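Heads up, the next two complexes both have subunit A, just with different partners, subunit B and then subunit C.
So, the complex of A and B:
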């Protein structure tokens, strides 16, 4: 099923090297698992989603052809099962992202997390935010006294936006290293160091390994 | 006591099971809004009083100033509670689109305020337009598939249906063995259920 010829959008050299070794379904599974476990939204895997959709179409064609040609039912059902699984992965991946957008839409739209969304997701986030703002505006904010009507701030005297739900980045996640990372600093002060060896399981704060997840050195499980 | 009603609202949220909606409590909600406006009236009148005495609001720390602070903080707290109430309900309402579908049953609609009803419709439309941009239905395949075929029980008379190359009569209470992809659309409409017996 692997087709590694398309350009890889995130452009990380390490990912490129790994593409030859593993199939798109594996990659999709990994993207899905990371997305599922990460508290914040991750980079949209544009090229991977595109390839997965092409392969689903191809597979659908194959299954139909098999049914038409009277190929053995068992073989057909195996292909069908493969197809179902890939479709579930793809749908669930996209769904997880939408649900994160639903949850943190305002936070996402005012930080650089915005660039991690696909074009369609950005449209969705924009619409969602408008709808949510309208709803809160007409049911709460417009009925409050002047100075307390902002959706972002508690009152006019707040200096920062203190009413925006944000993902909890210091939550703990289970993660698995893909290669040797070596001695890794867990906090800013450098008090806590951990030696991350290849293929080992860890439970760490998401915040401290965020960078490793983003560049693909560690997988969430 | 200031702020008690607002915490009652949140108490209702907390008491409800996750994912379940309680009836929109417009009485308490309106009362809290009223409380907010009363706080504001008090707040403004204290400020006016200080201005009349030619005191600088930024630096003066007398009883009027601290009174005003209490009104301000109570107001801000009430706002937080009101927003939390609305926002958490809105989150539950969002999740209904995924769990139930586009059309909400009567008993749930009755629990929503007017604005919430609108919100559900608009939010639902936003999901639909995302799915049509992608040309992919995301509301099926909610659970990971185990087997391409499942056993289902028909809950309502559906009649003759052609599924692929096979004509099948789906009468009420009958049990069939179908392709999961075929059955899913009926299950999401509530016409069938997975038969695990």
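So, the complex of A and C:
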């Protein structure tokens, strides 16, 4: 954790407490799963990604050494498999986030979701938006009549930006509670309560459990 | 709604679910000597011939395929335990029995790669198939009870692969109900004049999105 330089969300304390009992691979797997199942982009796990990278590099070095020293092929191939698995997880995690950024780049850049991106992801999002704007401008927008040339609005009479794709927070997700959460209110009016017990599997509206996902009390599956 | 049906963003592929299952720990009996493995996903070994060791499933399968170990079939995969599970599964139409979260994938991987280590292989195979069928039938009947009042569905003990199979259907069903049941759609016009216009606004906007 000490190596992290990014600002952290409230999930940090939770994660710290769990670190003793789980490996980084487990944590990465959880981050990957949550990212995959959540409709919106989640906080970038900067410290975790950094640690995973370091471990991958370290093992790559070790494997090379092993090959040079003539360590038996079996062990080398097993290490290679471990390496491949971790790399797959890391790559898939990063790629997933890029897909989400591509899809919702304008929405992300307008909201505080922006702070959830890593520096590289922010650069990516900026470049992506620029290119998209330019492309739409050249291919379509410049040929449309005045008042219909915005990339954000359907027409000049729209009060708000109504052509920006947004993630659907109303969607339902499958989730598993990690510990006892207790009685939990599902909507604003308070007439829908569920009692979340450890290891229960529920299908709930993402919006209502968003907070629990962010602070690590619940895992998406 | 369309956003969630994008398979790349929200749904795990079957190989991905299997990938997750491959980290489950299983016992092997190696027939070789090998030093400890210090891997990113944990430390395993050292391994000595005929002395059982715990390793992740992927490692067990890798060793097994090279003929370097026998896999000890987990306890829940015995004919006795599975028969009990199947009976219990049949007796309680509204509950799922406790089985490993990845029972489908684990048993599948063992059938594929270690079938000679499974006592009564055919029996075990057919029991697991029966259990899957019974459980799936329960899921299907459970789906019929979903209505506009459903804000949460509890599926305690449903396994990973089962979740993955029913996910698109359950999510779309719940969303459809949620959408048509929302107060914006059914309240009296004077109370919701304001909201209505929002809903109306949303119609054409959705069509313009690149989905």
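Convention: the second predicted complex is superposed on the first by the 210 of 221 C-alpha atoms of A that agree within 3 Å, B and C clash if a C-alpha of one lies under 4 Å from a C-alpha of the other, contacts with A are read in each partner's own complex, and residues count from 1 in each chain.
The rule we apply is simple: contacts are C-beta pairs under 8 Å (C-beta built on N, C-alpha and C of every residue); 3 or more make two chains touch, one makes a residue touch a chain.
Model, not experiment: these values are computed from the prediction.
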{"item": "Touching partner for A:85 - first (subunit B), second (subunit C), both, neither", "value": "both"}
{"item": "Touched partner set for A:182, first subunit B, second subunit C, both or neither", "value": "neither"}
{"item": "Touching partner for A:127 - first (subunit B), second (subunit C), both, neither", "value": "first"}
{"item": "Which of subunit B and subunit C A:205 touches, first, second, both or neither", "value": "second"}
{"item": "First (subunit B), second (subunit C), both or neither touched by A:61", "value": "neither"}
{"item": "Which superposed partner A:192 touches (first subunit B, second subunit C, both, neither)", "value": "second"}
{"item": "Subunit B versus subunit C, judged by how many residues of subunit A each one touches", "value": "C"}
{"item": "Partner chain in contact with A:24 - subunit B first, subunit C second, else both or neither", "value": "second"}
{"item": "Which of subunit B and subunit C A:139 touches, first, second, both or neither", "value": "first"}
{"item": "On subunit A, the residue positions that both subunit B and subunit C contact, one per complex", "value": "77, 81, 85, 88, 99, 103, 154, 163, 165"}
{"item": "Footprint of subunit C on subunit A - complex, ascending", "value": "23-26, 29, 33, 36-37, 39, 52, 55-56, 59, 72, 74-75, 77-79, 81-83, 85-86, 88, 96, 99-100, 103, 154, 162-163, 165, 167-168, 170-174, 186-187, 192, 194, 199-205, 221"}
{"item": "Parts of subunit B lying in touch with subunit A, wherever the complex brings them together", "value": "33, 36-37, 39-40, 72, 75-76, 79-80, 82-83, 86-87, 90-91, 94, 98, 113, 115-116, 118-119, 122-123, 126-127, 129-130, 133-134, 136-138, 140-141, 144-145, 147-149, 164-165, 179-181"}
{"item": "In the complex, subunit C residues that touch subunit A", "value": "1, 3-4, 8-10, 12, 19-20, 22-23, 32, 34-35, 37, 39-42, 58-59, 62-63, 66, 68, 151-158, 160, 163, 167, 170-171, 174-175, 178, 201, 204-205, 208-210"}
{"item": "Interfacial residue positions of subunit A with respect to subunit B in the complex", "value": "53, 67, 77, 80-81, 84-85, 87-88, 90-92, 94-95, 98-99, 102-103, 120-121, 123-124, 127-128, 131-132, 134-136, 138-140, 143-145, 148, 154-155, 157, 163, 165"}
